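As written, the chains take the letters A, B, C and D, and residue 1 is the first residue of each chain.
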Amino acid sequence: MGLAHQALSQEDVRSLKGDRGIGHVRYSTVGTSSAENAQPVVMSTNFGDIALAHNGEIVNAGRLREDLKKKGWAFATTSDSEIIIRLLANDIADTGDPARSIRNVMSLMNGSYSITLMVDDRVFAVRDPYGIRPLCIGRTKEGFAAASESVVFDTLGGEFMRDVEPGELVEILPGEVKSINTGLARGRAHCMFEWVYIARADSCLDGRLVYDVRRKIGRRLAIEQPVDVDVVVPVPDSGRSHSMGYAEQSGIPYSEGLMKNRYVERTFIMPEQTDRSTSVMLKLNPLKSVIKDKRIALVDDSIVRGTTMRKIVQLVRNAGAKEVHVRIGSPPIRTPCYFGIDMKTRDQFAATGRTVDQIAEMLTADSLGYISVEGLVEAIGHSANDLCLGCLTGEYPLPVEGEKIRFQKKLDSFT
Amino acid sequence: MGLAHQALSQEDVRSLKGDRGIGHVRYSTVGTSSAENAQPVVMSTNFGDIALAHNGEIVNAGRLREDLKKKGWAFATTSDSEIIIRLLANDIADTGDPARSIRNVMSLMNGSYSITLMVDDRVFAVRDPYGIRPLCIGRTKEGFAAASESVVFDTLGGEFMRDVEPGELVEILPGEVKSINTGLARGRAHCMFEWVYIARADSCLDGRLVYDVRRKIGRRLAIEQPVDVDVVVPVPDSGRSHSMGYAEQSGIPYSEGLMKNRYVERTFIMPEQTDRSTSVMLKLNPLKSVIKDKRIALVDDSIVRGTTMRKIVQLVRNAGAKEVHVRIGSPPIRTPCYFGIDMKTRDQFAATGRTVDQIAEMLTADSLGYISVEGLVEAIGHSANDLCLGCLTGEYPLPVEGEKIRFQKKLDSFT
Amino acid sequence: MGLAHQALSQEDVRSLKGDRGIGHVRYSTVGTSSAENAQPVVMSTNFGDIALAHNGEIVNAGRLREDLKKKGWAFATTSDSEIIIRLLANDIADTGDPARSIRNVMSLMNGSYSITLMVDDRVFAVRDPYGIRPLCIGRTKEGFAAASESVVFDTLGGEFMRDVEPGELVEILPGEVKSINTGLARGRAHCMFEWVYIARADSCLDGRLVYDVRRKIGRRLAIEQPVDVDVVVPVPDSGRSHSMGYAEQSGIPYSEGLMKNRYVERTFIMPEQTDRSTSVMLKLNPLKSVIKDKRIALVDDSIVRGTTMRKIVQLVRNAGAKEVHVRIGSPPIRTPCYFGIDMKTRDQFAATGRTVDQIAEMLTADSLGYISVEGLVEAIGHSANDLCLGCLTGEYPLPVEGEKIRFQKKLDSFT
Amino acid sequence: MGLAHQALSQEDVRSLKGDRGIGHVRYSTVGTSSAENAQPVVMSTNFGDIALAHNGEIVNAGRLREDLKKKGWAFATTSDSEIIIRLLANDIADTGDPARSIRNVMSLMNGSYSITLMVDDRVFAVRDPYGIRPLCIGRTKEGFAAASESVVFDTLGGEFMRDVEPGELVEILPGEVKSINTGLARGRAHCMFEWVYIARADSCLDGRLVYDVRRKIGRRLAIEQPVDVDVVVPVPDSGRSHSMGYAEQSGIPYSEGLMKNRYVERTFIMPEQTDRSTSVMLKLNPLKSVIKDKRIALVDDSIVRGTTMRKIVQLVRNAGAKEVHVRIGSPPIRTPCYFGIDMKTRDQFAATGRTVDQIAEMLTADSLGYISVEGLVEAIGHSANDLCLGCLTGEYPLPVEGEKIRFQKKLDSFT
């Protein structure tokens, strides 16, 4: 529990033996945040221990769990990972072949999953059939590794090799990374929100450096949603790269007008709504010399609930801004995410049931401009068909109960 | 982890809701001592949560686990309890009847087990077919309860009702305790060591008050193993009741000649051999005015390894005793216990491969006398056939691989 | 904070360097129980660090502190020890001689004090002019040491040498213990409560083994306060030695009729009155086979508030005793202690404003008998003039504001 | 110990009573980092408790302590604050007037000190005679407050009122802030490093917004130390404002080319040299798309040891930079700070005994340019005489043993 350096002491790390392993840094989206749901989950089987770490969300996990309970299974945790490990152990008992059984269990799971796992001393990494969540492989002096973001390899003094393909299973071996075709690939549906907000700016995901994408989003936003202001001010740290692109394209001066308190963590991480809103004042401080008597373009990556942005607009206005115009590096989020981002209900979104003007009014902003879906897609540089835009369009790459599925035909052609 | 008042704060206890539950205070004999093996174990099933707490030891647990792993099961813990819960969940999926399924799972388990469990909101308690470990039921103002020792009810201001019978399953209901005959009873084989050492002196187990049994043991020991000494000195606290009986019968004055340091806990609880022996000096202090120039009968309940007793004999001798005679309230322990006491290998016992005289020599005692098996049995007051004397005789009530089974014929007549 | 083994880890102890030192295990009677008042107190001076640990109570500490504050002193703690160290540092600045300055500071302090202290690398131990609290010196393989109770040397595998005399200052040197006559000795006034209750039974204080004193008290009590009962039952653990003496003298059988829960600590240690009374039921359990239908002599060392004894009497009666007679190994406590025992106000005592019969009624006992002051003094074996009996007689060896002083003349002759 | 939110729980804060108080967030420069040196220090005196929190460093503290020890004082801590409180208590015993005594103690202290203190229920704040460390007063809905940085009032939803003047003593009263002239003012010598590095960018110190000063430093640096490069890259977060000024002035594009790991804290805070250097790689990651094949101007606020900057230069070079030019927003630091910054010895500085070219070589940079002292002074906007530039020039505003003092004459005219 807690940040990695709190959960694992230097001594803990030093006491680790062996030459392979898996680990997980997670913020919980499914299953309660408790020690029993910490990852990796490890279970003992006839083929040795199986350990598994999972990023993403299995849409049909609840269904799978209920079906298995009806068969008489008892579950020790509420995590998807226990389901996966136990299905896997069951299947290996038949096949005797971990790789084949991983493929068999993948065919039962509907959802997003970038998984690293060990079966006894064998290390695997696997990405879901649409590649919704990122997963890549790299090389360090000590050997090969798989990770969600490429910056890991930079930090370790190693280098990024390539992304794991959708539906691809790889085995990390001492001298090589072996690719295993599962035959389950279903095209691409990379989550656009990784580039917009989640990933670190210096990561490269599916061929696109996050920083470059954000800067291009900013430039495109300046073209689509121009505004006559004196200064472009980013919401730190999430809106910084977008803002720079906006300033470059528009020629309007860029200036850091909101200072972050060094010792308060990112809003998204806090567990409860209350904490999120009340902490804005503690976290950001306006620079009057930048803001006072100026017309401001305030740039951020996205608006979910809108409560934080509303407070920031008021903060800027109270600091003496003449006008506050909000520009956002993603289109309005209107529909839930079922694939790993903690946005589960429609009624939480600022954009639900509001026009852009109404959202601007709610934010108390003088104007509000979102990038278009087309603009975002172009900035990312993948075809719209290769992205998951479910939270923007309400059309999802995978069947989700009660939601629309997109390009049904394409799916058929895959089967 | 830790003592109950360390593991559970006042706040933890106050925050508990509901009107029923189970708990467990355990010192681990099978499975490593770690948080994952803490009890009760709770798992989620199609019939609600199943929670289970287990005192005793399933002899065929390893076999059961391996068989289940071969079928493709993966285990989250190394505890017997996970095996039992999951077998139970599987069986209830067939029968739909928790009580019947508990009986079915009991028929698969060979060993000693006093178990309390909840299936959803139903509370059960069950004792193994030989009643090896104790289990009893009582009543408090709040309702009924089951526990290993009757003192629990005294402490709660309630009263002891009766022992659970061997092979009996009871369900604790709001207004009654319902008895369910499993048809699995196989006679009695109560562990003699509960009366000799484990249970609290003020507990009443299977109709015998522990204190009375210990005092009778002491009296019988004085008859079987008389000695001409000036004073009877108990090894505190384990030998106190036996000593009083010895002094009463022999007419020799009783005197506390070894003082316990108030803040050091009982030897048996410490996890490693090293700690056990080095801590004797810290824990006991001889009273020279009692011991000096006297002939001493030093009385304790039992000798397992003999290392502690050897140190105590030397302590007493160094305090100026003229003679030190050791008298022990149980016969020599020569064979392992497979039913819940942490004595697993023959080579650890002082009595292995030694005559009584040789043990006395090893202890550096002037003489050594054990009570006979017959004497012990008489003091307990149950028939020898109704006790488990496996660690004394090497004949066990249940089949254990590589060990002799006792009264095979009797078993047949039960079937 | 906490017990020694909680406050100091094995690592902490191993990391200690050097060949001399002082330590303190304390339960706070003056000053709040907080980390800042933990002992030893260490302060840095022109003569190196001074460290000081103090058992006892300085009656005029408040006066000294106020006087010093008026002179402009500021105090970091509420402990007497800070006052003593700082007076000492001031005095050494004049004398340049730690021993002489210790003597000078002693002459300012009125009260009980057994003190160990270090001035730079010199180790001293000093006992107040009346020797109220115990202090003794002993020898181990590693060298010499001073301690409150002689059992310390037993536990360390060393041996007791002698008591420190009232008003004596000793310096612990590598090869010897040097005695320094302060000229401040004022006779003896050893606290009788050390023998009755506080000290461990196996300690020898001022020439009297505590166990022997308690046994003699029991015998004398049997003569002074006989009773026709079936069995003598001790209140464990405090009344055990007294009870044995009572049983021996009277010829009435001795039996342990109250069992202690192993994991609950001694009443006196709990910080608040509420906890003290409510925990009796959790801590003691009556043995019905010993008590039922019997006439009981219940023996304990002393009665302070009487609330605990009242609960025990009721516990015994509820267990079926026909009669419950209470016998107490000290006379009624009626007046406060100003010298280190936490009994500060008259209105807390069971004996305040009650006859013995009224106390018996309050305890719900069939009869109550205390040992006489003469009997106690005889059992201890020192002259009454050499004991502090202040809490029994209301006459104190030292001047205390608002209280009577005893043998004024004798004091004069000392001056 | 630890960050404020670790040391003080929500409950701790909620449990505070009363309507006034002082607190301290400190990183220790004098005295070891231990609980006993945590601030505020509180001591009990004849005038009530005195509590004191101190930012800065008393140059003659060691001398004062030794003098007082010679007089017989004993010290409980190694902190300057204990000295100050106790001198104060002594003085109030004479004057009976806290304000006058604060003035008297100030006259004994040589060094930098911004102090908040309480004498019983009176709250004072005082700044040293040169105003070396910052101190200001502000107003919130609840009342008045003093703090080191003005952002505190922003965060509390209040407003900055004014700086406390050098040598000024203020008393915070319920309805007003009362100014008391101590007559000790000696001119101004504000630490330039507060604007360059220490203070938050959104603080306003002695009339200058830190952010504006840093931006002006960047512009001036671009004029003094131009370079022909493709992009200006800041060292985050310390060099960001300086970089923006540099980019604006030079017209060279600004780009964030080094990404900070979100969960690693600022170098300066880590306690040991080893940790400082090894953690650079973990904390910063180069953005290849910004850096590769480019000529880079790397801008930071200052160079102390140079070890971190050397690693960053190599990081940037390894990321493919064609050229790496380092530009620094302060002149070379060559002499120690005695007034509160942890730079105590000459041999630690990169600039000691090296020409600028030699430093560049040590850093493995293609070129290195520092701002001039004149340029820095101009950017700050105070007269050089009103700043402490001791670490740059080796001339200090106050007498320090073994160091040169500046403008001796001016000092005389003050006296």
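In this section, a residue touches a chain if its C-beta (ideal position, glycine included) is under 8 Å from a C-beta of that chain, and two chains touch if they have at least 3 such contacts.
Note that this is a predicted model, so its numbers are computed, not measured.
In this entry, A-D is the pair from A-B, C-D or A-D that repeats the interface of B-C, since more than half of their contact pairs coincide by residue number.
Averaged C-alpha coordinates put the centre of subunit B at 66 Å from the centre of subunit D.
Subunit C and subunit D have Cα centroids lying 54 Å from one another.
Spacing of subunit A relative to subunit D, judged by their CA centroids, is 39 angstrom.
Among the residues of subunit D, none is in touch with two or more other chains. Arrangement of the chains shown, judged by which pairs touch: one closed cycle in which each chain has exactly two touching partners. All chain pairs that touch, listed by label, are A-B, A-D, B-C, C-D. Within the complex, the subunit C residues that touch subunit B are 3-5, 151, 154-155, 157, 200-202, 209, 211-212, 240-241, 244, 248, 253-256, 259, 261-263, 266, 281-282, 285-290.
Listing the residues of subunit C that touch subunit D in their complex gives 41, 43-46, 50, 66, 69-78, 82, 85-86, 88-94.
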